[in-house]
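Before anything else, here is the set of structures, which you'll find just below.
Consider the two complexes below, in which chain A is the common component and chain B and chain C are the respective partners.
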Partner chain A sequence: MQKTQTNRLNKELQDFNERQKKGEDSGISILLVDQNITHWKGFINGPSDTPYSNGYFQVDIVIPQEYPYKPPKMKFDTRIWHPNISSQTGAICLDILKDEWSPALSIRTALLSLQALLCDPQPDSPQDAVVANQYKTQKDLFVKTAKEWTQNYASKNKQEEKVQNLVNLGFEVGKVREALLRFGYDEEQAANFLLGG
Partner chain B sequence: MGDDQYNYEDDYDSMQIEKQYSLQGVEILDIKDVIQEIRKDILELQEQLYFDEDNTFELLMHYNWDKEEITQKYFTNSEALLADLRMKGIVNNHDKIIFNGLKGCCSVCFVEGNLIELGCTHKFCESCIEQTIKQRVYQDKFLIVRCLQNGCNYRLPFSMIKRYSNDQEFENLLCRRFVDCSRYLAYCTGVDCNKILKPQYSSVKEVTCVCQNKFCFYCKEDLHPPCPCDLVKKWLAEIKKDEANVRWIVVNTKSCPFCKKPVERSEGCNYMMCKPPGGCGKAFCYICSQPWEPDHKDHFKCNKYVAPTANIEKEKEVLQRYNFYYERFLNSQAAKEKAMQRLKQIKEQYLTSIFKHYQFTYQDSQFLEEVMKELIQSRVVLKWSYCIGYYISKTNQQSAKLFDHYQEIFEHACETLAISLIKLFDEIEKLDHTQSDKPIHEQKKDFIEKKERIQNASQKCCKMRQNLEVAIYQGEIYM
Partner chain C sequence: MSKQEEDSKLQLIESAFECNICLEIATEPILTNCGHLFCWPCIYSWLNSNQEFLTCPVCKNGCSKNSLIPLYSKDETKTNKPRDPNIPPRPKPGRNDPVRNTNQLGQNNLANGAMIAGYGLFPSLFNLICIKDGDIEKDERHENEATVEIENVRKLKAILYLLILCLIMMIVFYF
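So, the complex of A and B:
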């Protein structure tokens, strides 16, 4: 079991890298956490023509023992204002990550589905009721808030600014990046973590 | 699978012998019994429609085991039904499955080896199919497993699912599904009991399992005489909602003065908009709960003193009214629990004490158990009468008055009985520790007198209880 899983995950990684080289799959990328094949970080570029454009979103991916017969556990590390993603915890409501998972899907296709979800929110099966309600009743305000959140939490410039801020406080740059990644670029939480640890 | 169908009759006889019957005409079934019924259903329908076993199973699952609906639809327009079922992936061509002779790379685990081609022509290795089935059946508790290919509607045949999943787990799930669909069967609601009950008559409402658990067969809740099931459901939902929400709502929200919906202020100024679509769209002040227009100018200040308005009073009244009934409902529940403990004590302790001191035999003291059972029953009826009291129609004055009257005298009779019992129990408990000055024959006489008084009180309580029940069952009291 464990062996077949490792085999499959290695194949997935290989496939991912090949596609990256060929320039397919623009807008998604991955990284292993601590060289652990069952804990990945995925990155999604916010699709253009959406409030998430110019955003760079980080997704935490934990691969359960039963993978690929059971879906991977995914949640957003970067805070995001979206009807199907919790604004508090980053939990995602997407059918293929739950009952509609199929073993023929992969981490790559799941990330692509998430990217599609950013283009095409489903307010009728919401994860975050407040956001979904706003999406339905006050679209303008929704777009405005989602843009603001993208600016604040997901833009490269802003992220660099936050790195600089914490470095200026006297923390080591590598540790700062690590802490910010860990808390989805929430500066305060990252600072607390750095102070505590 | 095919072989199993033909020898079930043999099993069936031995099953009959083991079958247990409870006192009230309720048959207690085993999982095996239910599985037999399921097989019988499949076989019957299979012969009627000329379907194979796998597709018959899917059909029954899809229509919640409603055989009449299936045959009716089938014989009205079989072609349309089949086309629809095929499109939805419920009826499939399983004959095309190829188990042997195919080799290649499995698209799920990327391992080279033997492949199985499913009826939809997608191919996977046996191990991946097995793992997928196990995951679905064991972990997700599903009986339907779709093709491993994303977006493919094809369902794996149930004989395949059965083969690769653990038999017991599969049968458990199947049995639960069947029982849940059936109007004639129910799982016992007792903790860890899992027995399946089948009343002999469909009119049986209150059932008792061999584990002594009693419940309402219709709504699967604890017994709730004289309250109808729909009110019980409403009331329990109200309680659940209440426990989770009321405290939070009271602390964190204000009611919109226009539409009465609770409105939450997360942060910000006093200007509150009761937001549509949930709310009415009007604005009010968070401090004084008055309409924003025309008095309020400043978003952060409100110095206006407001006398409590009729609205606020009315809301309080609604809450108080609910609390009134809920409190009494809970008290009766607690009193019933205590009475149950007493019943246990009677059996384990009091009867022995009575025999030791007065030499009364079981026949003389058995009345205690009977009376205690009456008290328990009355506590249950009293408890549910508060639910009725909460929902009783206020438009029909006559019925409300009648209810109040019956409930009041019943409650009084019930309390009288409870008090006289407690006094007697106190005395019985003292028997082992203190010596009475009275000669034994007088003590005996006293006890007999008390016994008669208590029996009278119990009869009265029973009569008052029945009066209330009859008035409700016969529709003199409206809900």
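So, the complex of A and C:
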């Protein structure tokens, strides 16, 4: 990896931390995975007044070698019911993560855009056709499903419950949290990882 | 000023000259014509990356390598750092000829049509002939003012040539 890229990522990280200290950017935060500057996890609090409120969504962020000339690769680790996010893979359909990327943007602004996307779904450029169709034709059902998914996969209580379940199986708390984080709170995958590792 | 105030002031100054891509103080600083600051190597890499449209990373204004304006500081040679051999030298700015000041009061103020008789009639007339059309035409920024000026010069020139022709004819016929 180039030195200039490492410098820029360190600057972004520093900027992020400074803003967190000042209390700006409510609702987004980040962590490095294995202290690796090219693999981050982002966290987005579900905006209030949306079906995602009280949810805590985890986003996987991989920095490509060409960054910042190419966008960061982002996908949701936490399962979410949203027209522009695949309900199966977490893949995101957002212009600035594709053609509209510019090197003047950053991981921080991309996360803020994701937060905005949760507030304002774009069913006309869908990632998940089933969800988008439901959003357009059966809005009530959409809201209900999205709320259920948030409750099941993204709520803090549920996540704590999963931590507790795995701890009860005899794994160490720290390792359990790490594994769950890695797999977006998918209990089964995390358990398999813990058994394998 | 306390040390802390000084530091924060310095930080403010530094951040005003940060490249919008690498977030460091711009090296070989260059401006887009929309006024955004970059390092030359950074904007070069962006304009050379594979994309359909070339735009300014900050404001998406159309942007090409030819429209960039380098920023030269006082001691330019001292700040030259070792650079990536794959990046060509920073483009040089376009050069303009000196622009005639139309507000200046003086003898060469053609736009006002004023001729000062201090040097006699002939020198000032010959002055007119000596102005090459190209001198004024190249100046794009003051195109409108310049065209008026050129028109005036052309008219005067035509009259002058006619006069000289008549004079020669008269002399020829006289003999």
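The rule is simple: the second predicted complex is superposed on the first by the 194 of 197 C-alpha atoms of A that agree within 3 Å, B and C clash if a C-alpha of one lies under 4 Å from a C-alpha of the other, contacts with A are read in each partner's own complex, and residues count from 1 in each chain.
Operating definition for what follows: contacts are C-beta pairs under 8 Å (C-beta built on N, C-alpha and C of every residue); 3 or more make two chains touch, one makes a residue touch a chain.
All values reported here derive from a predicted model rather than from experimental measurement.
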*chain A as common anchor, with chain B and chain C clashing or fitting*: clash
*Check whether A:T137 is in contact with chain B, with chain C, with both or with neither, and answer first, second, both or neither.*
first
_Let me test your reading of the model: by the given contact rule, A:K11 touches which partner, first (chain B), second (chain C), both or neither?_
both
_Looking at A:E66 after the superposition, I want to know if it touches chain B, chain C, both of them or none. Which is it: first, second, both, neither?_
both
*asked:* Contacts for A:D99 in the overlay, against chain B (first) and chain C (second): which applies, first, second, both or neither?
replied: both
*Which chain, chain B or chain C, is in touch with more residues of chain A?*
B
*Check the residue A:T109 against both partner chains and state whether it touches chain B (first), chain C (second), both, or neither.*
first
*Select, from 73-81, 145-153 or 397-405, the region of chain B that bumps into chain C once both structures are placed on the shared chain.*
145-153
*Which chain A residues lie in the overlap of the chain B contact set and the chain C contact set?*
4, 7-8, 11, 66, 68-70, 99, 102-105
*chain A touches which residues of chain B in the complex?*
107-111, 127-128, 131-132, 134-135, 139-140, 146-152, 275-278
*Write out the stretch or stretches of chain A touching chain B in their complex.*
1, 4, 7-8, 11, 66, 68-70, 96, 99, 102-105, 109, 133, 136-137
*For chain C, which residues are in contact with chain A within the complex?*
20-24, 42, 45-46, 49, 51-52, 55, 57-58, 60
_chain A residues within the chain C interface of the complex_ = 4, 7-8, 11-12, 66, 68-70, 99, 102-105
